[in-house]
Amino acid sequence: MPAYATNMRLKFPILALILEAVTIIVYALLVVYDTSDSHRHDGSHAETNASHPSSPMTLYPMFQDVHVMIFIGFGFLMTFLKRYGFSSVGINLLLAAFGLQWGLLLQNIWHLHDGKIRVNIERMINADFSTATVLISFGAVLGKTSPVQLLIMTLLEITVFCINEHLVVEVLKVSDVGASMTIHAFGAYFGLAVARVLYRPGLRNGHENDGSSYHSDLFAMIGTVYLWMFWPSFNSAIAEPGDAQLRAVINTYFSLAACALAAYATSSLVEKKGKLDMVHIQNATLAGGVAVGTCADMDIQPFGAMVIGITAGIISTVGFKFLTPILASKLGIQDTCGVHNLHGMPGILGGLAGIVAAALGKKEKVSATSQACGLASSLGFALVGGLITGLIMKIPFLGQPPDQNCFDDSIFWEVPEEEEEHEERLTHGDYSKNKAEA
Amino acid sequence: MPAYATNMRLKFPILALILEAVTIIVYALLVVYDTSDSHRHDGSHAETNASHPSSPMTLYPMFQDVHVMIFIGFGFLMTFLKRYGFSSVGINLLLAAFGLQWGLLLQNIWHLHDGKIRVNIERMINADFSTATVLISFGAVLGKTSPVQLLIMTLLEITVFCINEHLVVEVLKVSDVGASMTIHAFGAYFGLAVARVLYRPGLRNGHENDGSSYHSDLFAMIGTVYLWMFWPSFNSAIAEPGDAQLRAVINTYFSLAACALAAYATSSLVEKKGKLDMVHIQNATLAGGVAVGTCADMDIQPFGAMVIGITAGIISTVGFKFLTPILASKLGIQDTCGVHNLHGMPGILGGLAGIVAAALGKKEKVSATSQACGLASSLGFALVGGLITGLIMKIPFLGQPPDQNCFDDSIFWEVPEEEEEHEERLTHGDYSKNKAEA
Amino acid sequence: MPAYATNMRLKFPILALILEAVTIIVYALLVVYDTSDSHRHDGSHAETNASHPSSPMTLYPMFQDVHVMIFIGFGFLMTFLKRYGFSSVGINLLLAAFGLQWGLLLQNIWHLHDGKIRVNIERMINADFSTATVLISFGAVLGKTSPVQLLIMTLLEITVFCINEHLVVEVLKVSDVGASMTIHAFGAYFGLAVARVLYRPGLRNGHENDGSSYHSDLFAMIGTVYLWMFWPSFNSAIAEPGDAQLRAVINTYFSLAACALAAYATSSLVEKKGKLDMVHIQNATLAGGVAVGTCADMDIQPFGAMVIGITAGIISTVGFKFLTPILASKLGIQDTCGVHNLHGMPGILGGLAGIVAAALGKKEKVSATSQACGLASSLGFALVGGLITGLIMKIPFLGQPPDQNCFDDSIFWEVPEEEEEHEERLTHGDYSKNKAEA
């Protein structure tokens, strides 16, 4: 049995404060506002201006929708576990708050203007996007990692993400407006690779806390519904303004609507008594948003988006039912939230749909070959990056919880004692004692 | 005792997938993006362009507010039942996801351009609106119907709604910007008619699950507060841009504020000990949004909106306290959520206010006679459509749950076993056994 | 022991309806729409037009973000108490619904046009803002006051707020775009003064209901996360359009991100076992939004905002851990939600940061002396106003609950009986009886 060092009192605060202090120093050196006066001496900046013709705030409502998806959507989606809600929504906030600062730096380090990074709403949206990769991977290792491990994962994953994104989008000129490949597939396979390295044989037969309660499932539905509603914003936020952005909204709207029907139908179909399963509804209804991401701004027409959505909904539900148990038992990949079914396979489906759409000429200046390279690159960086990150996270000093404390907030959080439970225990204690005496 | 066929395994998936497949085929034939290049050969489309002068995305933030009302607002409002939260928010999502696809088709089938329906944000808002009628009716029959019955209701109700809406708005030129008549009164009386047909004498004396728990009431408040906050968007989303839209926002804002005070005051007044009742707060605070709908864009001034709001808040609360029990016992209408009090009476009040406002000349080109015809038409279509739909839904094959399984998710959902309850039962079992042995 | 008169049946409805009736009458006399036709004869109104160049709806998405913060953010943040969720979210809605009507009147009574108040979106945002002061003070006295007391507090506090705001912003020309001083510090010290007057020695040793449960903490996180996400809108909503507004968004975004890291780190550091405390996470993560408020639109650069945020996060967490108990035991200030740590100290920090920024010339036409006067004025009005208001609220007739019924919804609300608890009690009753018989 390994030694566990789960007291976070010094290592967590020190790590968090050092990361934040370093970030602030780098920001002091590099990061300024992208205000109109900062453009005076900068002819090269015309491009960004063109995309915000009217006002620097044009994209702000889109930004807020994406913001809600990151902090409420991902955060509450993971509260489905009965005793892990504090960590789900709380650590989600922590990782995203650090990740957006780090992501904004690395995403823009490639194109400084006068040696500075100029922050505007579009870059804040992209910074939020970069955190989504981490939150997806967080889902794969949910309940089995410490805050210290997760901060390190955030640092490393966003670094790898920014390299891959730069390569795919800037160098290879791949079209991935809703980031099926660069965020969803990347985040999922990165997280699955980490989960593989952190494999816990002791949880082979499950864990009593690795399940939901009635109300935790309802909290999770808050996350699901927000993600479902605002996904059109996710897929269109950084699209070309005008027709392309409108297409991205419409395609995502219809893909998700068709996907929801498919997820409900399949959930009922795969269950002996025809009942619906909350795990499927919470997740597979969203697969259509993932899968339509790459093609979202392309001219695939509403029915094309619906075909993608219905396919994603079926694949995702079937994955939850049949593939997740096999991944755990045969490959040693314990995927707590089933991110493989929500982000992994639908992300690949999105990449494949993009290749087909490019081959059919659904978007100008996009080649099927580049799209395929973009998918391969995203998967490659994810798997290699995830394996290395997993090995680093395995260092015992980083506070990984022992098997019996998995899926339990109380190892890293003060948890209110439930009065009724307490009374219960006292009563039963009395009773047992009473019985013993008798 | 009737035979029950509540196993959904085949009939639900088959129905859902057929509906979706047919929808996709029709979309492939008829539905395209309303992008600027699609207007090239279409002079008649200038009108729609005029209402979006700046960008195809102008209405997008409004759309997202309405979207939140449909999926979070209606969905969580109905989670007040202690053991029916999965169905409330889950089936709400299912019905709205199908309904918006169906609604978009039928609402626009009357005015094709070059044989095509062109989707834009305004039409997505209207599609979302069309689902609201179903979600209101869902409230009347909540807990007593199967997903198969409800999908059929969605199909039929949206069809009838689109016919009535076309007649009222396009033919009779009735003004109903916030849809007090065409959505709220229509949805309520349609649902009440269905509930009448599905009357269950076995639930005359109530049902142990037909009530709330402390936390289910808090989940419901999420729905209430979102509906309350975003109702100005609901009533103004499709108003004429400019002053009319601003008026719609302001009138709804003040109507709801006044209504909230009235609902709280009345709730305390009608209760022996002066306590507030969550049912009133969750619902009657919203009646002001319903009732001001028809007049929202008219020149009724803020105080006029507040008078409408305060009236609606009082009527609605009194309805919950005194009328709902009478409807159930005397008329055989078991209205689970009390939609008659939130949407029915306030919807009629809104229609009447619109007639008065029209007579007083508060909006140009609107006649009091037409308004009255619009209200009569909406009520007529609702009652007749609801009765016929109810008869169709009564077919035993459609999986209506038996009385004892009403208001209980576990008949159509996998529900997590609550550990404490389980332990409890074991412990009590042991104890009884022990007692018995002693 | 004082006499308690907690039956609200007559006094609450009568007070609420009188307040609403008077409000409607004043609105009928004074309040009109700010539509374009109302400007025809009004040259002086050009200024307001200039800030809305494109459309009367430009600020509407910002308004809705602020609206969500007021009704969901504040409302759910206070649901952390295990048996006080109905009051937290319900009375929050009541007070804000009345407060916004009253605030809109008093904020604009200083500058009538043709004897009228013209409502537009910006004024609705300001009306929402005015209610925030009351909701902050509500946090200080949460669980220990009646709805009647709180309606009176709303009336008085908004009145004092509007006087101070007029003095500080209009007369002294203080810059306080995010209202660190005029809303946050004001609301906190007003509430603390009220709490001082209403000091309850009987709660010196705590109260069994003055704590959270697992799910109530998750409901509270809904409030936290919404406040955290939308705070950039709060701080930028009424900023000068263009660069200043963009700066306000960016500064708040980064201040909150840095603050979150600091709050998590400090929470773990001050706790013996290094565990995170939900109270800190729910509140101190937001202190960065408060503290950056005054400087939000100034040219402090992102790293400056982050320094403010990290400072606020540390101060706030330390305040919860060490200062709140001292305030209660030494000064007789029982601050239920710890508003001193979230709004009080960070508000003062914001005011001080504004003085420094003004001295460093970070905003044109802003003097450090004026800023200091603005802070002093806000604190002075808050303390004096709060003391007087507290004395008025102490009148026994107003229904203050007795100590033993504090922090308990059931004194003013119908609360559903929890079935399990009920069974529990029966079972234990049986058991005890059985034991007794034995």
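In order of appearance the chains are A, B and C, and numbering begins at 1 in each one.
Here, contacts are C-beta pairs under 8 Å (C-beta built on N, C-alpha and C of every residue); 3 or more make two chains touch, one makes a residue touch a chain.
To keep track of the chains, here are their UniProt names: A, B, C = Ammonium transporter Rh type A.
Since this is a predicted model, take the numbers as computed values, not measurements.
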Same or different residue numbers at the chain B/chain C copy interface, by half rule: different
Inter-copy rotation, chain A to chain C, in degrees (Cα atoms; steps of 5): 120
CA centroid of chain B to CA centroid of chain C, Å: 32
Numbers and ranges of chain C residues touching at least 2 other chains: 54, 61, 215, 222, 420, 431
Partner chain A, residues of chain B touching it in the complex: 7-10, 12-14, 16-17, 19-20, 23-25, 27-28, 31-37, 54-57, 60-61, 64, 67-68, 71-72, 75-76, 79, 83, 85-86, 89-90, 93-94, 97-98, 100-101, 119-121, 124, 147, 215, 219, 222, 412-416, 418-420, 424, 427, 431, 434
Residue ranges of chain A in contact with chain B within the complex: 54, 61-62, 65, 82, 208, 211-215, 217-218, 221-222, 225-226, 228-230, 233, 241-243, 245-247, 249-250, 253-254, 256-258, 260-262, 264-266, 268-269, 271-278, 281, 285, 299, 301-303, 306-307, 310, 420-421, 424, 428, 431, 435
